[in-house]
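Each of the next two complexes has chain A plus one other chain: chain B in the first, chain C in the second.
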Partner chain A sequence: MRMKKFINDPKRLVPELLEGFALAFPARIRLLGTNTVVRATPKAAGKVRLVTLGGSGHEPGLSGFVGPGMLDYSVAGEIFAAPGAPRCIEALREACRDGGSALLIVLNHAGDVLAANITMEAAAREGLNVKMVLTGEDISGPVGDRRGLVGCVAVYKVAGAAAEQGASLDSCFHVAERMNRNMRTLAVAVRTATHPATGHPIFELGDDEMEIGMGQHGEAGTGRMKLKTADETAEIMLEKLLADLGVQQGDELLVLLNGAGATTLMELYLIFRRVARLLESKKIKLARSAIGEFITTQEQAGFQMTIARMDPELIRLWDEPADAPFFFQA
Partner chain B sequence: MTGCISKAELGKMFAQAAELIRDRSELLSHLDSQCGDGDHGTTMTRAMEFLENAIGPANRQTVSEMFREAGWGVMGVDGGASGALLGSFIAGMGDPPSGDEMDCKGLSACFGAGLRLVQNRTKARPGDKTMMDALVPAVEAFSASAENGKDLSEAMRGAAEAAESGAESTRNMVARYGRARYLGDKTLGCADAGATSIALLFRGFSLALVTKKES
Partner chain C sequence: MRMKKFINDPKRLVPELLEGFALAFPARIRLLGTNTVVRATPKAAGKVRLVTLGGSGHEPGLSGFVGPGMLDYSVAGEIFAAPGAPRCIEALREACRDGGSALLIVLNHAGDVLAANITMEAAAREGLNVKMVLTGEDISGPVGDRRGLVGCVAVYKVAGAAAEQGASLDSCFHVAERMNRNMRTLAVAVRTATHPATGHPIFELGDDEMEIGMGQHGEAGTGRMKLKTADETAEIMLEKLLADLGVQQGDELLVLLNGAGATTLMELYLIFRRVARLLESKKIKLARSAIGEFITTQEQAGFQMTIARMDPELIRLWDEPADAPFFFQA
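And then the complex of A and B:
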């Protein structure tokens, strides 16, 4: 099937998209140089700045989470491709200007990690006060090299709240690490997306199939099966997540459901209903939840389910206000 | 002095490689779509067009500085892992101090240093179905030729052939690194796009040096 997307120039997708994004939220964000999104009003001097990097084509991720209570800088790459180290180091220099410090939050994907490591080498040479957190919570991958999926939003949220309150770089780092250690994500896909620059589908999946464990870019997962109902799908995924995280009765969980782009809110609420009911029956407390589109992959259909074990401090930080274009809470 | 190259020849090498990669952009994207997200051709074209402009006689820096800055610049074209690794290779080529001209051994030292920087930054090794399957044999073949006193154009032809057979060998490999590794056995049968790009890079270098000899 031919690609049907509203596009001007496939080579200018990212700058045009970010220009539109900045025009839509002039009170909240602006562009810094090429393709880096920053807060319209910088955070007060002396507070830790949060920086992230990642490919585009996943809107509203990642730049949609720049704002008070969350990120300070989002260095956007090309479609599905990490930004280069030169632009990442520019963002870190900005973040560390006037002797400040920065927490670089990176999702575990080969290109992102490569760019981040080269950036951190340069930051060390320049004596910038930066720490890096690598998020990786996709249970379809091997322990130690799990992909970073939508769980990064929870990390932005809690580390962002800590930074806003004036926590030190070390404290922000530890909060981010604790969130990362305590979260697990599993993705499912039912229909492919088209790469908007090339027009090619990014994976193949039969009309009546679904795949559990699919990555953010259609990387094949481990469980291809016939399409199941919302209840069955929710149950299969939740059980795997609970087992992997070793959740016990009485634990308090944050649940995130992230639509991949073409899966409707209707479907997500059907899934969430079953998740909430199952947790209830298992006497596991649903402490907080967020349902919507956070990190998408074009018109891919499917979703990511994240669970995270929350302690009182993580809940407190989660509840702090945030005012990013795509994450607002009073 | 025979068998030496200066910025003028380096410029021609990168221009010729850029032309080859631009011409094969569709093929590279097609290969990438078998195992990745199908944008390798456009990414590599962007990177090579940057290099074509950055490397050549118009550049007023020393050769080492030119490579270091060009490599850093390639990382700046936002080409994901391919851009970062190609950029590291070029930046690493600037590690050995080089004068205005270099002979086969001098260029071999640059390639070796470029490869070392890439190896420091990626865990991918030959056999993983990545650009390393072409880059490692190409640099090794060039180094062996330089040691044996061959001239530049012969050494580069050998490197191009080694890169091409390395790229070809990826056809029978299962991806073990990067995004493609999740596809497992589905990656059998198609050559790796990154390795194919590296083969084109060295073929371009070789064509540029052959042309020089004939003209």
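And then the complex of A and C:
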């Protein structure tokens, strides 16, 4: 089947989509150089700037979270591909330009980590005051090398709130690390997407199958099985997440449900309903939640479920206002 | 191909999805009776309440726009079906309970209009102080009987802001009517969706075709053609809208782009880019915009484009704060 997407020249896809994004949100964001998104109104001098990097094709992520209370810089790569290190270094220089400091938040994917490591080495040589947090919370991967999925949004949120309040680079780093340690994500896919630059499907899946643990770019998961109901799927995924994080009665959780692209909000509501009821029955507190499309994989059908153990400081930071184009709290 | 949706019993779809919605946004909305969504914190007595009604399966619409500055009551029907008049009357009674008044906003679709007319007759018999606005801005239909598409969100927004500020029922009605008169929408579809209750596709379209003018439930449009690029599609649709509304140099427009479900935000950014550039070249001012998924048709691919001629009062009302779960401004 022919790719049915509204695009122009695939080679110009990323600059064009970012140009459209900037035209749509002129009061909030603007473009810097090639394909880097920055806040329209820069953060006050002396406060820690948050920088992220990652491939495009996941809109609204990652650049949709640039704004007061969240990110200061998002260095966008080509579709599903990390940006080159030179552009990341440029962003860090800019973030540190007035003797300031920056927290670089990177999702654990091989290409992104490679670019980030080169960038951090260059930053050290230049004497820039930068720390890096690598997010990785996908429980379908091995401990120590788990992929970074939608949980990065929670890290942006709490570290961004701390930075906005004038916390030091060390404090922002520790808040981000704690959020990262406290969270777990599991994805499920039921229908593939078409790569907008190549026109090819990014994975294959049977007509009656779903796959648990699939990554954000069609990376293989851990469990292929017959399609389940909303309640069954919610239960399978939540149980795995609770076990992996070792959640106890009385713990307070943040729950994120992230639609992959074509899965409807209707379905996410059904999944959320079952998650909320299961937590209630287990005497685990649903402290906060967010539900919608945060990091997509084109028109893939499926979703990511994230749980995170919250403490009073993380809840306070989560509740602080943020004004990024595509972040909204419940 | 089998329907690949996360659902449970199709007969329980609507109460379950609304239960999930209420569990996800407990600070903002709650359920009233069967399948009616209301604000968690009621509007102060004496202010006009806004009520809407319509089928489910379009999430986040319509109930996602309940909240301060927008709707007070959303009476949800079954999937793609109007709610029964008795439940609508109940909502109006509730909205008018303390001697208050209500504005009923209805999208022009046969079933919704039938329910609304019965409701308004009953309201008149009971002496309730209610006025009704029928939105209809789809230029693929005949003047006088145009379908109500995503433009209703702009009507909710400006009338909701007026009501929040204490405007009279007459004033709210006239603001809503003016917004409705000033707006035009055109839709395009490229890929069908599956009805979540029946499991059947809601329309058929060739592998290389797109259809302009398709309604929100797969109703036939006016122009089936080969799939075009983002730029070409944007231009075709914008030119039709500008001509129909009679837009002149110097006019100030609101532009809404509403994804149908599976069309990516990436694609909407490309469409928006071309729209913004075309308006600039025609010396028409892009006053405000919103881009995202507001009223969907399951996992259909395509989008709706709305333009509206704004005046200083409409812009002021559009800019007022609103706190509905799924409304966000640019």
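Assorted remarks:
Criterion: the second predicted complex is superposed on the first by the 327 of 330 C-alpha atoms of A that agree within 3 Å, B and C clash if a C-alpha of one lies under 4 Å from a C-alpha of the other, contacts with A are read in each partner's own complex, and residues count from 1 in each chain.
Definition applied: contacts are C-beta pairs under 8 Å (C-beta built on N, C-alpha and C of every residue); 3 or more make two chains touch, one makes a residue touch a chain.
Just so you know, these numbers come straight off a predicted model, no measurement behind them.
By the touch criterion defined above, A:V175 reaches neither chain B nor chain C.
By the touch criterion defined above, A:V155 lies against neither chain B nor chain C after alignment on the C-alpha atoms of chain A. With both structures placed on the common chain, the touch criterion links A:L17 to chain C but leaves chain B unconnected.
Look at A:T229: by the touch rule set out above, it reaches chain C but stays clear of chain B.
Looking at the shared chain after the overlay, A:L245 reaches neither chain B nor chain C. Using the contact criterion defined above for the overlaid structures, shared-chain residue A:M310 touches neither chain B nor chain C, since it reaches no partner. In the superposed model, A:I7 lies in contact with chain C only, and not with chain B.
Chain A is touched at more residues by one of its partners, and among chain B and chain C that partner is C. When the two structures are aligned on the shared chain, A:H195 is found in touch with chain B, with no touch to chain C. Of the two partner chains placed by the overlay, only chain B lies in contact with A:N117; chain C stays clear of it. The residues of chain A shared by its contacts with chain B and with chain C come to none at all. Across the complex, chain C meets chain A through its residues 1-2, 4-8, 13, 16-21, 23-28, 56-57, 59-60, 64, 190-191, 196, 207-208, 210, 227-231, 233, 261-274, 276-277, 286, 289, 291-293, 296, 298-299, 301, 303, 325-326, 328, 330. Contact residues of chain B toward chain A in the complex are 29, 33, 37-39, 42-43, 72-85, 87-88, 121-122, 177-180, 182-184, 186. Across the complex, chain B is touched by residues 11, 35, 55, 77-87, 109-111, 114-115, 117-118, 141, 195, 197-198, 200, 202, 215, 217-221 of chain A.
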